[in-house]
Each structure stands twice: as C-alpha cells, then as structure tokens.
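Multiple structures follow.
Below, chain A partners chain B and then partners chain C, in two separate complexes.
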Partner chain A sequence: MSTSEQTGTIHADDGAVLADVAGMLRVILDEYGPDDTEIGMDTTFTGDLELESIDLVTLAGELQARYGDRVNFAEFVADMDLEEIIALTVGRLVTHVVMCLNSPENSPEAG
Partner chain B sequence: MSRFLFVVPPLVGHVNPAVGVAAELALRGHRVAWAGEPELIGRLAGAGARVFPCAGRRAEAAPVVRPAHIRGPEALRFLWERFLVPLAEAMAPGVTAAVERFRPDVVVCDQQALAGGLVAERLGAVWATSATTSAEFTGALSGMPKVQAWLTALLDGLRHRVGDPASTADPRFSPHLVIAFTTRELCGPVSGSHGRFLGVGPSISARPDGPDFPWEWLDPARATVLVTLGTANTDTGTRFLAECREAARKRSDRLQAVIVDPEGSAAHHNGNGNGKESENENAASVEPTPDKDILIRPAVPQLALLQRAAAVVCHAGHNTVCEALWHGVPLVVAPIRDDQPVIAGQVVDAGAGIRVRFGRVTADRLGAALDSVLDDPGPRAAAGRIGGSFRAAGGSPAAAAHLEELALEAHR
Partner chain C sequence: MAMVHTGDVGLHVQRLPPTGGRPAIATAVLLHGLLTDSLASYYFTLAPAFAAAGVDVVMYDHRGHGRSERPATGYGLDTFVTDLEALLDRLELAGPVHLVGNSFGGTVAFGYAVRRPQRVAGLAVIESEPATVGWAHKLRGLLGRVEAELSENETEVLAWIAANRGPHTARLSRSAARLVRATTITREIPASRVLSEDRIRSVRCPVLAVYGAESDLAVQGMWLSSLLPDCRVRLVPRCEHSVLVEAPGVCRELILPWIEEHRAVTGAGAELR
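On to the complex of A and B.
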C-alpha cells in the first residue's frame, strides 16, 4: 500500500492502486472467500461484478476516504456516456486514479 | 360526472393498479374508458370495459425477448430504445383516436405508456401520471449527465414524432398530478419536476382468486418462507432458486419454503429435467415427493400465502415487495434489473429487509440473511410500519378523489 499518505510526493502505480480498488470492491461485494471472483484490470463493473449504482456511491465514498479530494469519482462517472458505463472496467478506474495521484496540479497544495 | 381515459402499456402489473382506480371512479358515477391492448384490458378490467385499441402487440414481445443476461445500464438502454419508445410510437395513433372520440376531462397515463402524456399535451387535454413503481422519482441518473442527455434526446425525438414539438414536458411526469402506488415511508424523498405527488399505497384488493394451494402442507410449528422471482424472471433464476433450496433445506428444522417456479427451472436444475420437461408446465412435479420442507409450485395464491408467511425472498419487484410489506412480512431482496435495485435499496433503507446479490449470492449468505429477517425483530417491525402507512394512504379511493378534483379544475 504505497499510496496511503496524502503527501503529494508519492508515486502511485497500477499494481498498488489495483490492490486498493480490488480491496474496496471486495468489501462492497462482501466477498473474501477463495472461490470468489478474481478482480483484475479487465474485470467489468456491471457485467462481471454486477455492481449497481448504489454500489458506485459506496465506492465513491471509499475512494474519497482513501485518496482524499485528489480523486473525484463522481466527476469520473459524470464524464461517461451510457456505452462507457456499460463497458467500464476496473482497469479504467485504476488508470484514472493513478493519473490523478501522479498529477502535480492535483497535489494537496494546488488543490 | 366527468370522463377519464386510462392509457396503459400491455403489462399486467401496470394495468392492475389502474383497474382499481378506474373501478372506484365508475362507482362514483364517472365515465371511464381505456386506451391500450384490448384483450389484456378486457381480461383484467372486465368484459364491459370500453377500450380504444392501441397497437402494441409487437412491442409487447420486446421485454420477453430481452436476453436474460442483459442487466444494469445495458438493460436501461434496451428498455428505453427497444421497448418504451417503440411502444409509444405504436400506441400514439390509438391514443389520439381515443382522446378525440371519448373527449376525456382527464387522461390518466401510466408512466411507461409515454404516448399518453405526449398525445394529451398535443391535443390540449389535462393529464395525470400513474406510477406503478417509484424508481423514476429517486434521481437515479442525476450523477450521470451524459446518460441523462441520452434519455432527454430520446424523449425529444419521440415528442417530435408523436407529441407537441414546441413543448419540453417530460411524459413520465405530469405537471398536474402524479399518483404513485407507494408511500414516502417506503420510497423516501421524492425528486424531479412534476405536479403534486400523491402516494396512495399499493393496489392490493380486487384480484380474482389465485391458483389452488395445499394449505394442509404448511406446518404451523415452522416458519413459512415464500420464494418468488415474479413472473418475468424465471429464465434467469435457476441458479438463484437452487441456492434458495439449499439454504432452506439446511433450516428445515425451523422453516418451510414455498418456491414459485413457473418454468419448472428449479426442478430442472436438480438434474431431474431435460429440455422437453422444461417446456412442460408440470415439470415441478418431477421434484421428489413428498417433501415436507420444500414445496415447488408453478404459481401460488400470493396474497393469501402472505398472510401466513414469516419472510419473503424475492427479486424486489415493486408489486411483490409492496404486497409483502402490506402484510408486514420482512424481505430478503435480490434485485435483477430495471427498477428492482432502486426498490431493493428502499427496502433496505426502510429497515424492512436485507439485500443480497442475485447473480452471486451463495446458500450460506442467503441463509444468514434469512436468519436475520426471521430472528431480528427490527425488519418485521419496519415492514409492519410500512404496511401501516400503505393502509393509511387511501389507495384507489384517494386516487379517484384527486382525479375528480383535477377534472373539476380542468373545467374552470
């Protein structure tokens, strides 16, 4: 978990963020068992995980708690059309989070 | 005396509540007519009903052929693009003829019969909305402006073709009166731009007797759990029903489960069926008998059974949820698609049940949820509270009284 501090000097990478996001999704799905679905970059939110909009609200809260204001999930979703929401993968969210965390303008000082 | 035209889609769950309101208006001496699918309306409203036929049979098949795996936002797209909009275009000429010939004081438009509001507005008639579910009032798309824009564009195009092109009114929300078959105790705060929102509670009464049921099978020493996925979801329910059976079997010391299985898919899944048997209405009889713990029936007299039930496991269809709550029965809800996730959220927020994931839940988790709603007094108390709000909401007579008032205003 290399991204736990909101210091603005951290360098987030896909693997660490994926582990974070997958952990959040497992909490939301209430699934921890060895037989449960693997969550990878290609896992789709609606097709594979069957997440509903209420789950996305919960996820937004988890992301906020984890990363603070540097990651705005509501804006991320608001920018998507129906096709993009249908096709949304964990990987697209991870890439977005990594980009936000590594963006210099998005450091707490600039925010 | 006033004149009321009911515009309904070819969907049983949308016609039934309107039948109750229409009957109440007729009792009060008003004239009532229908615009919709004549055979269905005749069956549900009685042979004496005056029906202006609307094409809609072609569209009627659409929700049936919607592939079972389509859910979530994909189901939303399918519902609007492949069913609701084509249905409105197919119904518009019939609704136009009905309004021109019957000259109603108020057009009562089901929220999914979009032709009603659009045509009424074009012809200058006063119209009210009849909402058989409350999912449209929760602002589910408010955080998704591009999805909202897609829907607005669909409605704009439809209005241009069958409504008043100069208007911008949303045919889902009458600016005069919205009658919803729920209460705020269940649906929570109401959002959106529309006229007065009147929650009258579910339409429970006035249904013909249901199918036979072996009442002697019920063991008074054990709790009765009703498992049902409604009438439209059985093709997707095989796995879920199998998990329900397993959860119930493990608790046979304390409960009996009645599983509604119109297609015989639960028996099929058990390895007792084949393709031919699944087409057979009696496939459920393949189930090993006698079984003192689990009863599988193609159909049940649901309202009568709910008077005996201790819990309901269902897909969070609005009608089933409201019928359970009317009887004070707590729920385990496993929403599949459409409005069901929203309704499931309402049940959970009201404290009247527990949500599980339809496509993923295991017998263990399902059983734990069942134990909670059976053992914890909270869900039962919350269900009873909502049931009380339903009974106090006035039902069809309250709806009829407000429609009468609107008709009088229309004359002023």
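On to the complex of A and C.
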C-alpha cells in the first residue's frame, strides 16, 4: 500500500491516495492513446480528462480491487445525478477515499 | 472488470449484489440503449438503489458498446437477444429474472420475453417498444441519418456536439462514431426480424412501461396496454426520450416498488465479481 501503516491502524492521506487514483486513471487514459494531462486534486474527470461514464465504472472496479469493500464508489455516487457525477473532481473522490480508509469502522480492530 | 464470453462475443458485465450480504429478493438484468449508451447509465442511476433494496443487479454492455467486444458484424436484434440468453446461461441465472430495458435495451428485453417467457418474471421498459415494422422503419431513418452525417463531416459534427452538448456527450459521440464506422450496426438493426402483434401478445408477464410525457414514444404506452394483459404505463412529466438520465429518481421510485411487488424466487446464480 502507498498509504502509511501505523501501529495497529492504517492511516491514509490525500497525497498517497491521489497517487493511487492518478495511477488508475493513467491506465484508463492509456486506452485512448498517449496523454500527458497532469492529474491533481482539481482535475475534473470529464472536462479535463475527457473520460466517459463507462471509464468511471472501470475506475470503480480499480478502487474495489485496490481498497476492497472499504471504498464503495457506487454508494459514493448513489445520491448524485449523472451531471454531478461527470463533473466530479479527482480531489472530491480522493477526499472520500481517505475518509473511508480512516473511518473507525474500517480499522482492522473493527473486524 | 468482468468479461463474460458467450461463445460468440465477450461481454463486459458488472454485478451489484444485495448490500449487506443478505439474500436477494429478485434478480434484475439491466439493458442499455444504442450507440452512445453503456451500462454506466444504470451503474450511476438505478443500480445502487436496487442493490440497497435487496435486488441482485446484473448490468452488461451490449456487443459493440462500452467495454464489450466490438465484432465487425452480427448486429441484428436476434443476435442481441441471443447474447442476453447466453449471458444468463453463463451466469447460471436460470430462474425468472426481471428485465429492465432503456430504449433499444427494452426492445431486446421484449425479444427475450417472447423467446423465453418462462425465464422472465417481469419487464420494465423505459422509452421503449417491441420490434415492429414501424420500429424498424424508424430505426432505418435514424441510423441512416447518423451514418450519413458522420461519413460526410464527422469532425464538424463532433465539434458541434462538444460546443453545444458538452465534453461528456462529445466523448460518448466519438465512441458511437467508432462503432458506426467499424461495424454494420446501422444497416443490420433496421433489417432485423420483427415481431407480429400475436407474438407481442404472447408476453404474459407483468410489464411496466415508462415514457417521458413529452416524448414521441409516449403513445406506445396506449398501444402496449391494448395488447398486453398486464401492462402498467407511467408518464414522467417534462421529460422527453432521456428519462433515465433526466429523472433517475422518478425511474427508481417507479421501477423498484414494481419489482418488489412482482418479486420471484430465483437461484443465486454463479458468483461474478
């Protein structure tokens, strides 16, 4: 994990999760050919990266593979309409992932 | 990403099991529309709420669409119905399932309900109709125009879409243009075998038909109710064809209770994550 492990708990921070998510996005973007768009917290999935909604489904699968059930993209977007989802920024997703990973419910002791 | 090979084509499948690991109250297979559509339209609208309500949700990209394979030929309606049949076999979903179809996805669902009536617990269609002579004529005109515009001035068409409909629609349109260019879809769909009224009448399962009140297709609701023994029609105010995207909450509120009302005991099926 690129998230830092501390005694008994896993502590995730924005920088580590951003690096993870950016890596996932690079793999998805590679399918469209070479792309050197910088990926930061303010980058939008659709406006900047020009991703399709089906790419976000792929991203959801990558998040599941990386973080397991601790992060559920489908639940994260469940209350958003499609316009809001495609206007999402990388930063909003990163913040959500960090919150999920640092949630007491997701600590190893919580079982 | 899960790819399921039917023996003929690889289909991209996403499955959302009931949340919390509880037993499924029903299985719903969600079928998307043509060209610019994919399973993402469900993944971000109906699917999470269905799974939260205890429905085992199966979504897939039709051949040529989304992340499914894109063979050069094989785009008649019967082939799409065969894909659905083969997919349910591969997933070992032999029990009756609920089919939810948006636009062309509903046309595929009607085709399957006619072919395998015992395997369909219910049919919920959004802005859709069964394959008739009129449907084929309409699709011939629509797909012919798409092909002509793209072949004559694809760059200008896509630039106009980007400027007037936004970057996401532009990206979807670029994918649709690839599908139109690389396959026979625009010629094969209008040439599909259609259903007689008698065959449409053979659909005995409960049907829920949802239309945008402002859509040209809304009149199909009256016609369907006159043909089918158990057909409920609902119109969504101020919506046209894109009801699912424009009013996902209304679609959820209409379809989910309807599935709960018509729930059927189904097997758990093969595990797919």
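Keep this in mind: the second predicted complex is superposed on the first by the 92 of 111 C-alpha atoms of A that agree within 3 Å, B and C clash if a C-alpha of one lies under 4 Å from a C-alpha of the other, contacts with A are read in each partner's own complex, and residues count from 1 in each chain.
The criterion applied here is as follows: a contact is a pair of C-beta atoms (placed from the backbone, for glycine too) under 8 Å apart; a residue touches a chain by one contact, two chains touch by 3 or more.
All figures in this text were calculated on a predicted structure; none of them were measured in a lab.
In the model built by aligning both structures on chain A, chain B clashes with chain C.
Once chain A of one complex is fitted onto chain A of the other, the partner contacts of A:G61 are limited to chain C, with no touch recorded for chain B. Contact with chain B, but none with chain C, is seen for A:L29 once the two complexes are overlaid on the shared chain. In the superposition on chain A, A:E52 makes contact with both chain B and chain C. Looking at the shared chain after the overlay, A:A19 reaches neither chain B nor chain C. By the document's definition of touching, both partners, chain B and chain C, reach A:V77. Touch criterion met: A:I86 reaches chain B and chain C at once. Between chain B and chain C, the overlap after aligning on chain A sits in one stretch of 93-101, 273-281, 327-335 or 363-371, namely 327-335. Overlap of the chain B and chain C contact sets on chain A: residues 46-47, 50-54, 74, 77-78, 80-82, 85-86. The part of chain A that touches chain C in the complex is made up of residues 46-47, 50-54, 56-58, 60-61, 74-75, 77-78, 80-82, 85-86. Taken together, the chain A residues at the contact with chain B in this complex read 29-31, 37, 46-47, 50-54, 74, 77-82, 85-86. Chain C contributes residues 1, 14, 16, 19, 38-41, 43-45, 47-49, 51-52, 61, 66-67, 166-168, 170-172, 175, 245, 248 to its touches with chain A in the complex.
Taken in their complex, chain B has these residues touching chain A: 71-74, 76-77, 140, 143-147, 150, 335, 341, 345, 357-360, 365.
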